[in-house]
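Next, two complexes with chain A in common: one pairs it with chain B, the other with chain C.
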Partner chain A sequence: MKKNEVEGLSPWKIAKRRFVKNKLAVLGLILLGVITLGAVFGPMLTPYEAHEQQMMMRNQGPQGDNLLGFDSTGRDILTRVLHGGRVSLAVGIVATSVATIIGVVLGSIAGFYGGIRDGVIMRLVDIVMSFPFFIIAAVASAAFGPTVFNTMLIIGLINWTLIARVVRAEILSLKEQEFVEASRALGLDNLEIIRIHLIPNVMAPIIVYSTLTIASAILIEAGLSFIGLGVSPPTPTWGNMLEAARSLTTIQNYWWQWIPPGLMIFFTVLSINFVGDGLRDALDPKLKE
Partner chain B sequence: MEDITLKAQGIKTSFQTSEGKVVAVNDVDITIREGKILGVVGESGCGKTVTALSIMRLVPEPNGKIEEGRIEFMGKNLLELSSEEMRKLRGAEISMIFQEPMTALNPVFSIGYQMKEMLKLHRGMTDEQATERAIELIDMVGIPRAEKVIKEYPHQLSGGMRQRVMIAMALSCDPKFMIADEPTTALDVTIQAQVLELMKDLNEKMGTAIMFITHDLGVIAEMADDVVVMYAGKVVEESNAISLFHEPKHPYTMGLLRSRPDMLEEGEELQSIKGMVPSLLRMPEGCPFNPRCEHRMDICVKEMPQLIEVKPGHKTRCWLYDDKGGK
Partner chain C sequence: MKKYLIRRILILIPILIGVSMIIFALIEAMPGDPYSDMIDPTVPPDLIEERLEAMGYFDPLPVRYVRWLGRTLRFDFGYSTNYGAPVSVIMLNRLPNTLILGGFALLFSTIVAIPLGIISSTRQYSVVDYIVTVFAFIGLSIPAFFFGLLMIRYLAFELGWFPIAGTGAGAGYEGVRMLLHRAHHLVLPVVVLSLLSLASLMRYTRSSMLEVIKQDYIRTARSKGIKEKVIIYRHALKNALIPVVTVLTMMLPSLVSGAVLTETVFSWPGMGTLMIDAIDNDDYPLLMGITMMLAIIIVFANLLADILYAWIDPRIKYD
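The block that comes next holds the complex of A and B.
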């Protein structure tokens, strides 16, 4: 490459450049990277199993090999925090994928076709948005069982409405652009226009909202598990580790049982939110550097 | 008789609006000869674009509707094709370029990507073949450094370059017929001239018949072989370009020609046609041009004149040339 050549800057390259300039977002990304790596590879590094009990060590504090001590049944907290990270992140990502797919498909159908399809889909959005979430979650987990998979599904099925609305609104204005008319004149059918031309134009808000949905899904999973409706013990998640440590004695005497999972939730959600905000600024076409 | 590429007869297209039904195009006949350029002129709102969209079957639904007519192209009546058959024809056999080159390209994809998409869709080319063809096409429409341009994005190109890209895309599958809807209106004058020259050139080289919509008679004089003058959704005059400019028949055409500054002698005052195009909701009785016409007669406000042939190949819709009009 010659130096003075003007290089074609794709929208992605421009966004990347803007993102890197945002210090908080980069910090969030690094933190999130560390947490993810810890969740993925961490459990392989600790010598204990998540369910392995050492009865002699119940409620023992941090010492030697056990950096974060033991819980009330003698399980290694560090190991469980790392395993819990896998579950929490997986729930966040899978639930968000479910929500994003539903939201994008329904939102683009509603926005593009309008008329009765729009009416039906948007009323469905209104209905889902007025569900009392925890009651639905309680019913669902009672009916289908409090497994990881069901938790992912429930969170995903409730959280697609925001993305659907955003996608619909964007497509409503995009479909009036002349390039849509031009693609039609060039022989593309409706589905191709939506798939090839419209959705890539809506990618920026989709990415931003999905990122923020991951954060809220992790929080919801923790909340559900804390009240016993999410992933059921003994599978470790940050939420049910907090649940196990919620007695007053534990909170007063055994800080190592509840501070680590609490901090993990806090840092994960915070870093995802930083990344989400950074992405929003980086992908906003109206902002010129 | 020469070969006819496309023959539209009696097209009637209407729109449902909140104030009632509006007939935007009423009984319009359009004939495009093979490899020739047909100019369609008229003021804003006279139905030029709707005629074009009707031929493409792209009249916005559900409010717009082609009510009557027949559009013959390649031995088929386009209005009877299924939407799937029509879709396959668009871009491959008939293509269209639009007025506004700034928004007619998708901002998030590179030029090359958008051109290749067409070639893959209609011609089933592989990625490499399509890339090669895209470079060739960009080269053909006179954009330098084609290999670079296909990697660039629409915002990096100027208006004139984008319109050239649009022309290249429209021609990429060697269509028999192309509609150009005011392709140069949004460009500045020097670029306009270049783009017109390019289109004329491509028309001669590739033999693509063009329906050229404009409100600029100068452009018509430059480009067209045949001319159709439209007024308020009707064809008011139809002729070959030379005959139209030398012997305009319809008072509206005469008015248009008189309101051009470059037809004036020095010191002569520029004229304009008085009044405005009537609203399609409140069409006057009889000839739609009668409120603005300086030759208005009694019959003009009562009855719509027919399109009659005043001289071989030259038709006009005016009572002045009709026996019934009592010339």
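The block that comes next holds the complex of A and C.
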């Protein structure tokens, strides 16, 4: 008879197994995949262009093969919702990348070197955390102009503190361990130790918190665009499509103009939160037995 | 304790200076000068230039910052260019509305979230826990202003249960009827603003309780035969609520941010709508005053959180 072979499992494989077992997380991942595919390929499939105005169809509701009707200037809502998904998702992802890079760099410097550098960086974190962040974002966007690029940058620049704190705390405890001592004995310099040995060990929390940051970035973009200080029209985003609902007439009579983009934000953020939560449980063996 | 307090308060100074410098620089970066919207185009440009010169508009940024700081320390936030009144007066007019909205939202989310969090942790993986968790996820994921719009569409327009907008002040009622009338206007905005803090507070309470219930002293209490209710509410809850207190005050910045959107959706005359007004009208002194005021509120709330934390939890070391 064949001997039972015990297959070795890498930490990532264990995490993957745990993740797949989490129903909500898998559901979130599938939903997110569908939304992303829709945003990327959807606009190519609809018979309209995002900026194309049909004067006769202004404020017309869904009819026949037109699923979601038209907005106040006669543009097709479905096309704009799909198109808006590209912008909203892009803002979420780019803003989060900015936040993650800043957070990881500053967090690891603060945690590894300590002393004055730690003091300065942590005060900076305190300052940014005591901002009424939404208000600062609004002011910054009013100052620099409501473009896609500025919105990405502004959201990234105010959202890095959580990641910086997590990375700092992790590195603070990691740097006392023997393998750091060993790599120093092998002649690695500080930068190499941080890059090769410390950051890969902090990867799990970085992934989890980046995922959750995408969700909050999408929500902030939506809020900013809603009050006219995020991405400005005619570029459609889910947030600035909701701006139509600042008129009570639209709220009352034209549901198809604002409920679809709102639901898209909700489902996207919900699925990202499910995935993020699943990742947290999967990657942190301490959390669940 | 005293030493800790003094040190903690001293840290506030550089933080507030940093916050104010960044806000000041941002507002200075906004296009247009304070007069660009209010002056008759027939006024000769030289005269405008002269006036701007006289108020120090062309001085270097640091000089203007120091001057602004000096005035602010004396509670002089300058004049609003749009309303033609002192910024402090305008803010004091609007602040109560925001405090009422925010205060009730905080109260409502605490009253609902903590019991739900406890129930969901004591019956981990039960149906109740599942429902509470899903509800929390929904609350964390739906944009609060979108939720508000849905409430207006269905509960206010369709069913007519609640008023659509405003505070209900000035309806001519008196006494109890006035209170009821205003309370009626308060329901939807408070529910909408509470949503996010409610959801996150629920999650925190749940995980904090789960953590505490696993501890040895709870097992000891159980083995002594103490009633489960007493264990949960007398022994576990006290310790579980310690981190929750911090979370409660840490939610303030997001509550302030949420207030901007909630006030916009419900045309609530508070600091949030005032801020959007100020942005739309290039009313820089007012904008500066509002942002600083909100930042100060948040910074002091954080201080309060730290003090509370140190006071509640004797395990915290003060040095």
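In the analysis below, the second predicted complex is superposed on the first by the 280 of 289 C-alpha atoms of A that agree within 3 Å, B and C clash if a C-alpha of one lies under 4 Å from a C-alpha of the other, contacts with A are read in each partner's own complex, and residues count from 1 in each chain.
Here is the rule we use: contacts are C-beta pairs under 8 Å (C-beta built on N, C-alpha and C of every residue); 3 or more make two chains touch, one makes a residue touch a chain.
In this text, all values refer to a predicted model and were calculated from it rather than measured experimentally.
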item: Room on chain A for both chain B and chain C (clash or fit); value: fit
item: First, second, both or neither for A:177, with chain B first and chain C second; value: first
item: First, second, both or neither for A:11, with chain B first and chain C second; value: first
item: Dominant contact partner of chain A by residue count, chain C or chain B; value: C
item: Partner chain in contact with A:196 - chain B first, chain C second, else both or neither; value: first
item: Touching partner for A:45 - first (chain B), second (chain C), both, neither; value: neither
item: First (chain B), second (chain C), both or neither touched by A:30; value: neither
item: Which of chain B and chain C A:129 touches, first, second, both or neither; value: second
item: Chain B versus chain C as contact partner of A:120, first or second or both or neither; value: neither
item: Chain A-centred angle between chain C and chain B, computed on Cα centres after superposition, in steps of 10 °; value: 100
item: Touching partner for A:262 - first (chain B), second (chain C), both, neither; value: second
item: Which of chain B and chain C A:144 touches, first, second, both or neither; value: second
item: Distance in angstrom between the closest Cα atoms of chain C and chain B, superposition on A; value: 14
item: For the chain A and chain C complex, residues of the former touching the latter; value: 24, 123-124, 126-127, 129-136, 138-140, 142-144, 215, 219, 222-223, 226-227, 229, 242, 245-246, 248, 251-252, 255, 258-259, 262, 265-266, 269-270, 273-274, 277
item: Complex interface listing, chain C residues touching chain A; value: 11, 14-15, 18-19, 22-23, 26-27, 29-31, 137-138, 140-143, 145-146, 149-150, 152-153, 157, 164-165, 253, 256-258, 260-261, 264, 275-276, 279, 287, 290-291, 294-295, 298-299, 302
item: Residues of chain B defined as touching chain A within the complex; value: 56, 58, 62, 84, 87-92, 95-98, 100, 103-110, 117-118, 121-122, 148, 151-153, 156, 166, 169-170
item: In the complex with chain B, residue positions of chain A that touch it; value: 8-11, 115, 177-179, 181-189, 192, 196-197, 200-201, 203
